[in-house]
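Each of the next two complexes has subunit A plus one more chain, namely subunit B in the first and subunit C in the second.
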Partner chain A sequence: MSEPKSVLIIDDDPDFVHAVGELLASSGYQVSTASNGREGLDLAKRLQPDLILLDVMMSERTEGFFTLEQIRDVPALAETPVIVISSIYSDHPVFKVSPEAGWLPASLFLPKPVDPARLIAESARLIAASAATGAHVPQAGSSGR
Partner chain B sequence: MKILKIPKKDLDLFVSILPAFGELYAPVRRGSGYAFDRPASWSDVQMDYPRTILPPRKFFLPPREATFAFDAREGYRDLLREAAVRRVLFGVHAYDIFGLNILDRVFAEGKFPDPYYIARRQNTAIIGIDFQPDDKHFARSMNADFVDSGFDLFLSDIGDHFLVLVGTSRGDDMVVMSGCLLEQPTEADFAEYKRRSGLRRAAYHTQVELGDLPEILEMEYHSQVWDDVATRCLSCGSCSMVCPTCYCFDVNDEVGLEGRSGQRIRSWDSCLFKTHALVAGGENFRQSRASRIKFRFYHKQRGFVAEYGRPSCVGCGRCAAACPAGIDIITVITTIRGQADAHGDRTVGVAAAH
Partner chain C sequence: MTAQVMDAGMRTAVPPAGEARRVFVIDDDDIMLVSCRRILEKAGYEVETFSHGAEGIRRIPEAPPQLLLVDLKMPELDGLQVIERVREIDEDVVIAVITGYATISTAVDAMKAGAYDFLPKPFTPDELRLIVNRGCERWRLAMESKRLRREKEEAERRFVTFVSHQLKSPLVAAKQYLDVLLYTHKGELSPRTSEWLVRAQVRLGEMLNLIQDWLALARIERGTVCDRTATTDLPGIVRQAVDAVAPQAEAAGVTVEVEIAPSLPLLGGDEASLATIVTNLVSNAVKYNRVGGRVTIRAAAEGTMALLEVVDTGIGIPDQAIPHLFEEFYRVRTDQTRHIAGTGLGLAICKRIAHDLGGSIEVASRVGEGTRFAVRIPLAATAAGGGVRA
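Showing the complex of A and B:
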């Protein structure tokens, strides 16, 4: 039997972390959590998860973006699939966050509130594609915006 | 030149897109000072800093770099590719951009273009920002308080917004990538820019007269002032290490113990160092400390004027801030001009803005 795939959730909203953590655990993933970018970066370096779910607006509203840059600076995490999940569009509807905007080094952007079925499906897709190619997986389809 | 504006409250969002153009460096706190470094968060970025400890020169002429490697079996291996790291320098003051433009004259446009320097310049985006001068800045005297080239974007504070000058197509790409964060400025924004521009000019408390300085230096070549300054100078080289336009370097081959491979290393040097003018055979053209400190002033304020039409000093005030002996360029120049005594009590040269 193969090892369960691991997912790291970096989000300062305990309710979101609990709900999504339970959802992923019930789908067979090994879930770790961090409540801020610094803690998340440290955990990511240590655990080298198969997938990272990353919030943007934490103690600072761009904390997730800076955290993502630092994640990409770590060679072992440079190609790890990252799903950025945020409600930043509700605050800044004109700001283009999706990977299609050309600057976000993430695999996918999902707006909050997130659709559980889609999150599970995209998590499975990104982890499988990453395992198959060993490379950063580009986003499939729309950003969900 | 395209001119736009961005709300200050949205600058954090704009900065978030910049890593798409290279590793982001910005002024951050380092001890009691500031340094260009990688910010871990937006709150690390210091928008109101007087000056960084080291100028941005460190990104283009690193303190120490390997230019190529050599191996008895494999031959030479050019390390130019390692120099071409994509970077974004955010929050660079006008005088430091001016300093880079001066370095361009020597390393990019001179008789011997330096491929390492040029690769770094081409791969580094620069976003400037205006600043309020403190008592050590004299960039206005050096005509380096404003800059009209050498940046991709330049931000000027106009209250709730920054006016954004777009200097290059790369800067325009940043604007496009940021979506709709930037807006068209209004006539009122331009009026506010002009008002604040005048206030910034008037805020310079430290001034020095540049006119006929090369001629006066010519007359004062044997002045006692150089010996007086030398009694205080420690020859530590701090002034040249923090200077935006000092570019002396030393070259050494570092060979492995097996004697079959190694690297050619270029590292910062300083004309204040006793070995700077030491040549084969033991001859030293600037043996005395007075001759070395004099050389530094003559190169910046006289030799560079003859070669490039302007002094290489940009008035950042770093040399005065860094000197452990309290030597400052303003006092030396005003003393040479006969407008202050050897102890630096100035009769002119420092004027309160009215």
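Showing the complex of A and C:
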């Protein structure tokens, strides 16, 4: 990595943002944060980050899902890797969302709290993959729009 | 997930109080239709009359009535056929049949087909009003209880979601701080600081697991989790469970063996529910084992059921604990289990899922020798009528 890569964290819990922000900063990322979907979308358009971390259950319940759809609707962000981090994957046995399921155009889903080593490894992998192909590999779910 | 949509749906199902009470009358006798209309309109009902069953049935979806009065003896579509068709398109409308004395036995058939009441011919205006009032009241009560049931379900669903978010958020944030701190400052912390932080991290993790299990149980009890119509391949689930438990097994010096009959057909039930059972049992078998111990996972068809056995060579379960083992929050408390973390909900969840999928779970154990859990789950019904090849 020549210049620092940038990560945008969209999450309404300031402590979670703080902890994960510090983690990414300590690994050399440039970190920006937003506390809701609207603010996150605006910031994403403006900054065009290399990676977006997105929460699901914000103030508007499943806000994150809609935010993700809106992010994908912006041409410049259509291929940006997005990691959805949420505790709903760990407590809802049926709510099995994976990129293979194909209906949510996220690159990866991680349970919350997130394992630091895993997050660092996946972030590097996704950013490298997206840089290498010049585009993040589109998911099945995003092909319909 | 979409509360607004559900609310809207709920409101349309129940008309606001004070809405006109609508009654349809289907009879091939025009004089009958005219007198019914006159009597009922005078009593404040909105009445529509039809001399053919088909016309009335067509009209129902457009402007559903609370009550339908239908003559049993009609030339084209007879009353019984009308009742059957109406029941297919509207489960709520209350049906009363009009019948001559000679056809009382047909009236009984009509009741069986879904009619609520009957009015023998000839009848007085009072008798007609009585039947119609009773029918409309019946409709109102049915709607009311339907609404209350939905409200209750919705409140429970919201409560579970609320608990999930509100209880977990602070724990998630606190644990996330510790996770990050221990990761980024690994080498810099004093052994004592590090140890205490790890303890706090572990305890927070246990609390999160408890909430997770409790929520899982709440969801299962609401009947929204287990899906009997789905089919699942057991070996795949067992492989995942074994992989997931591998680090703990290795740390505890426990070997895990899998013996699954290669011909085992698909199981009836959704993957998530079945995976929850397998994961819980395998993880217990490792946790309550001993150094050098063994866990054996066996599965084979047994008639129309799949028999899954998880056998360990662990510490065993005291006899007096066995009857309580599947109770919520029950944990076996001995010197050996004192240091083993658990929520006390895992087996309650397993039992609930097994039952919801039409199966069973049982346990046999001997202290100091080991424990065997046996789960029976119906095999998926196949087109070949199969699942029975044992």
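Brief remarks on what is shown
Here, the second predicted complex is superposed on the first by the 132 of 145 C-alpha atoms of A that agree within 3 Å, B and C clash if a C-alpha of one lies under 4 Å from a C-alpha of the other, contacts with A are read in each partner's own complex, and residues count from 1 in each chain.
Methods note: contacts are C-beta pairs under 8 Å (C-beta built on N, C-alpha and C of every residue); 3 or more make two chains touch, one makes a residue touch a chain.
These numbers were taken from a predicted model, which means no experiment stands behind them.
Of the two partner chains placed by superposition, A:E39 touches none, neither subunit B nor subunit C. In the superposed pair of complexes, A:Q70 makes contact with subunit B only, with no contact to subunit C. In the superposed model, A:E79 lies in contact with neither subunit B nor subunit C.
By the touch criterion stated above, A:D15 is placed in contact with subunit C alone, subunit B being left untouched. Legend: residue contacts after superposition of the two complexes on their common chain; A:V114 is shown touching subunit C, with no touch to subunit B. Looking at the superposition, the partner that touches the larger set of subunit A residues, subunit B or subunit C, turns out to be C. Legend: residue contacts after superposition of the two complexes on their common chain; A:L23 is shown touching subunit C, with no touch to subunit B.
Subunit A residues 61-62, 92, 94, 96 lie at the interface with subunit B in one structure and with subunit C in the other. On the side of subunit C, the complex with subunit A involves touching residues 1, 3, 161, 164-165, 168-169, 172-177, 179-181, 183-184, 208, 211-212, 215-216, 219, 224-225, 270-273, 275-276. On subunit A, the positions that touch subunit C within their shared complex are 13, 15-16, 18-20, 22-23, 26, 57, 61-62, 87-88, 90-94, 96, 112-117. Interface residues of subunit B facing subunit A in the complex, by the touch rule stated above, are 10, 12-13, 15-17, 19-20, 24, 39-43, 177-181. Subunit A makes touch with subunit B in their complex at residues 37-38, 60-63, 65-66, 69-70, 92, 94-96, 101-103, 105.
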